[in-house]
Amino acid sequence: MEAFSDGVFAIATTLLVLDLRVPTTAPLLAGLLQEWPVFVAYIISFSFILIMWVNHHWMFQHIVRVDSTFMLLNGLLLLGITVVPFPTNLVATYVLTPDQTTATAIYSGWFFIIAIFFNLLWLYASGRGRLLSEHDANAGLAEVITRRYRWGPPCYFLAFVLAFVWVPASLGLNVLLALYYVIPRERMVRLPGRRVSPSQ
Amino acid sequence: MEAFSDGVFAIATTLLVLDLRVPTTAPLLAGLLQEWPVFVAYIISFSFILIMWVNHHWMFQHIVRVDSTFMLLNGLLLLGITVVPFPTNLVATYVLTPDQTTATAIYSGWFFIIAIFFNLLWLYASGRGRLLSEHDANAGLAEVITRRYRWGPPCYFLAFVLAFVWVPASLGLNVLLALYYVIPRERMVRLPGRRVSPSQ
Amino acid sequence: MEAFSDGVFAIATTLLVLDLRVPTTAPLLAGLLQEWPVFVAYIISFSFILIMWVNHHWMFQHIVRVDSTFMLLNGLLLLGITVVPFPTNLVATYVLTPDQTTATAIYSGWFFIIAIFFNLLWLYASGRGRLLSEHDANAGLAEVITRRYRWGPPCYFLAFVLAFVWVPASLGLNVLLALYYVIPRERMVRLPGRRVSPSQ
Amino acid sequence: MEAFSDGVFAIATTLLVLDLRVPTTAPLLAGLLQEWPVFVAYIISFSFILIMWVNHHWMFQHIVRVDSTFMLLNGLLLLGITVVPFPTNLVATYVLTPDQTTATAIYSGWFFIIAIFFNLLWLYASGRGRLLSEHDANAGLAEVITRRYRWGPPCYFLAFVLAFVWVPASLGLNVLLALYYVIPRERMVRLPGRRVSPSQ
């Protein structure tokens, strides 16, 4: 399940490049500069999927069992991730038109939905230590993770609401959230199974 | 063979997003709502490939040998899976036009063909315990799996036939089949090779 | 190197689906039937990449060392494989037009080039047992493989030449070659590291 | 992190094929020959990503720890890599138009930025042996790698500057850099964990 999920994350990240379109209006530089929202949306979506992947990977490090509900919730999360190139395309196409509110609301709203799926997956896995190892240290750690990811849904919901007030504020909050979450809090970790000898 | 198959499944799942098109008719929201069959088809196809992947993965857990016939049948199944974004696109494009019957019949018919490929693969592998381990417990388990997947082809054939009667019934049956199969019946399993200690 | 190569093969296989286009001429069924060369080209290219992947994987099972020449030749082979969706698209677009000879010659010619890259890679690796293990059994086996793949380049060259004579003969030979190579000659093999116990 | 990065590299490599477009002007052969800059750009970008992947993979062989700064820098590198199909498309579209200078400058400039990201990642990891193993042999090896990759950014900056002087010189330098870096300097290495026995 994890290898398949990893593949889906990696492919969704890379498919975002198909949202970048070669401008057809001359001169080229002016055409590219006009397209700036496309690049902002690209960076936000790239960071969002990367963050989701890091968190997903991290979550799987703590899970020792899977059951059918977990697999269903994981499937929902993957569904959410694979769709991301579509709202990215929407916001890139419509952000400078009168439809900018609709496009931005769908964009931020989709991130909100994914954040909910992610929290459901984690809360289900960690609830009463259901799928985690019984190791003592786990309880405290699970709580730290729970506390950290609890803020995702309300923040992305705020970005969703802001789209109806002022579109730049909604996109700006998305940038801030990406910056906040992209920096892992974990201290240095030693890679497991990594050989210490430099000669391969 | 399994890693390659996993990759093919993951990529086919993710490529489905290319079937979602940004509407060009204003206003945006109305354009998206008009596109609703695209989203229904997306969810059906996503679930279908996900289910196929889970089953395929599960099947490989029980196989201890491969021979050339098995590899040929596996190649046929992968061919079927990689094509899925195409009939999905067909049904999404034509479901609201007079060609809806043709498009839906091809869509459901393709799922029928994949279900046959999958059953051929499994029946060949499990037949007379050909490629399974000789473990005693296997015979019973293989029978459970055989019994469960036996119903795929007739159900998808029914969806194919329904396309000629009433298109919504065919698509609805596809949704029901996705819901039915997406929920795994297996009880909780311990992940093999997963470390119990939470510290990585 | 092998995992990266596997990924490239899997993605190239799956990207072929983007060559299948939804017909825009009504009625749908007639439009699809007119597109039949697209589907023939799809199946040929899918089989070709699948065969190349199986052979590539098989080759890596016998290699115990890599050097810089090998990596360069492997890079050339991967370059060849990733391009395959392009000549496939060419032949599918032009096979029913006066440009069918050019398109088919490029298509078959490209397979010929890949077959050469593959043979170069294998001959370099196996030449004087350069990158193979020193195991006694290897020499005989390497010879069997060498003998088998030696016929790829002349056969695909024949398909290239036939494109200038009669296009259907060139495509037909491609189908025959795919059928011939898709069926592995190896007898049943036990999967390494596969658990015999069915309970996971 | 490495498996995810590998996936991103493999997919970015393969997505380049979408930049190859079937010509619509008759006759086909003339149309293809007119498109020659597309193929040159394809080969440059393919080689560039392949080289980056080999180097990235090689770098990870020497790293025994990761921290949050490293993960951030790695994320920046991956962002750079996934975007490559876009400037490739730009240069392929505009290289024969008056906008060729802009397109080539962006193309070479983007490679310059990726080269900087790569050096930042490596310098951070190897600086004061921060993330490398403490093995004695490492210090010397790290210095060799540092010396080798130090020349990437100035060379690609030169290609960027040359775009404003004479476009063919900029593209030519890219070809030379690809040729120079594509040939690994490392001597023959024995694949770790590779079975010596040929029978699988």
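Order as written gives the chain letters A, B, C and D; numbering starts at 1 within each chain.
Rule of thumb we're sticking to: a contact is a pair of C-beta atoms (placed from the backbone, for glycine too) under 8 Å apart; a residue touches a chain by one contact, two chains touch by 3 or more.
Bear in mind the structure is a predicted one, so any value in this text is a computation, not a measurement.
K.L.:
Along the shortest chain of touching chains, how many steps lie between chain A and chain C?
P.N.:
The distance in steps between these two chains is 2.
K.L.:
Give a one-word verdict, same or different, on whether chain A and chain B use largely identical residue numbers at their interface, taking over half shared as same.
P.N.:
Result for this pair: different.
K.L.:
By how many degrees does chain B turn when fitted onto chain C using C-alpha atoms, rounded in steps of 5?
P.N.:
Best-fit rotation on C-alpha atoms: 90 degrees.
K.L.:
Based on the averaged CA atom positions, which chain is farthest from chain C?
P.N.:
Most remote chain from chain C, centroid-wise, comes out as A.
K.L.:
Averaged over CA atoms, how far is the centre of chain C from the centre of chain D? Could you give it in whole Å?
P.N.:
Chain centroid spacing, chain C to chain D, equals 26 Å.
K.L.:
Would you kindly tell me how far, in whole Å, the mean C-alpha position of chain D lies from that of chain B?
P.N.:
Centres of chain B and chain D (C-alpha means) sit 36 Å apart.
K.L.:
Would you please write down the residue numbers of chain C that are in contact with two or more other chains?
P.N.:
Correct list: 3, 7, 11, 15, 18, 189.
K.L.:
If each chain is a node and each touching pair an edge, is that a line, ring, star, complete or other?
P.N.:
Topology of touching chains reads as a ring, each chain with two neighbours.
K.L.:
What part of chain D is in contact with chain C in the complex they form?
P.N.:
3, 6-7, 9-11, 13-18, 20, 22, 26-29, 32, 42-43, 46-47, 50, 53-54, 57, 182-191, 194-200
K.L.:
Touching residues of chain D toward chain A in the complex: what are they?
P.N.:
1, 3-4, 7-8, 11-12, 15, 18, 61-68, 71-72, 75, 78-79, 82-86, 89-90, 93-94, 98-99, 102-103, 106, 132-135, 137-138, 141, 189, 192
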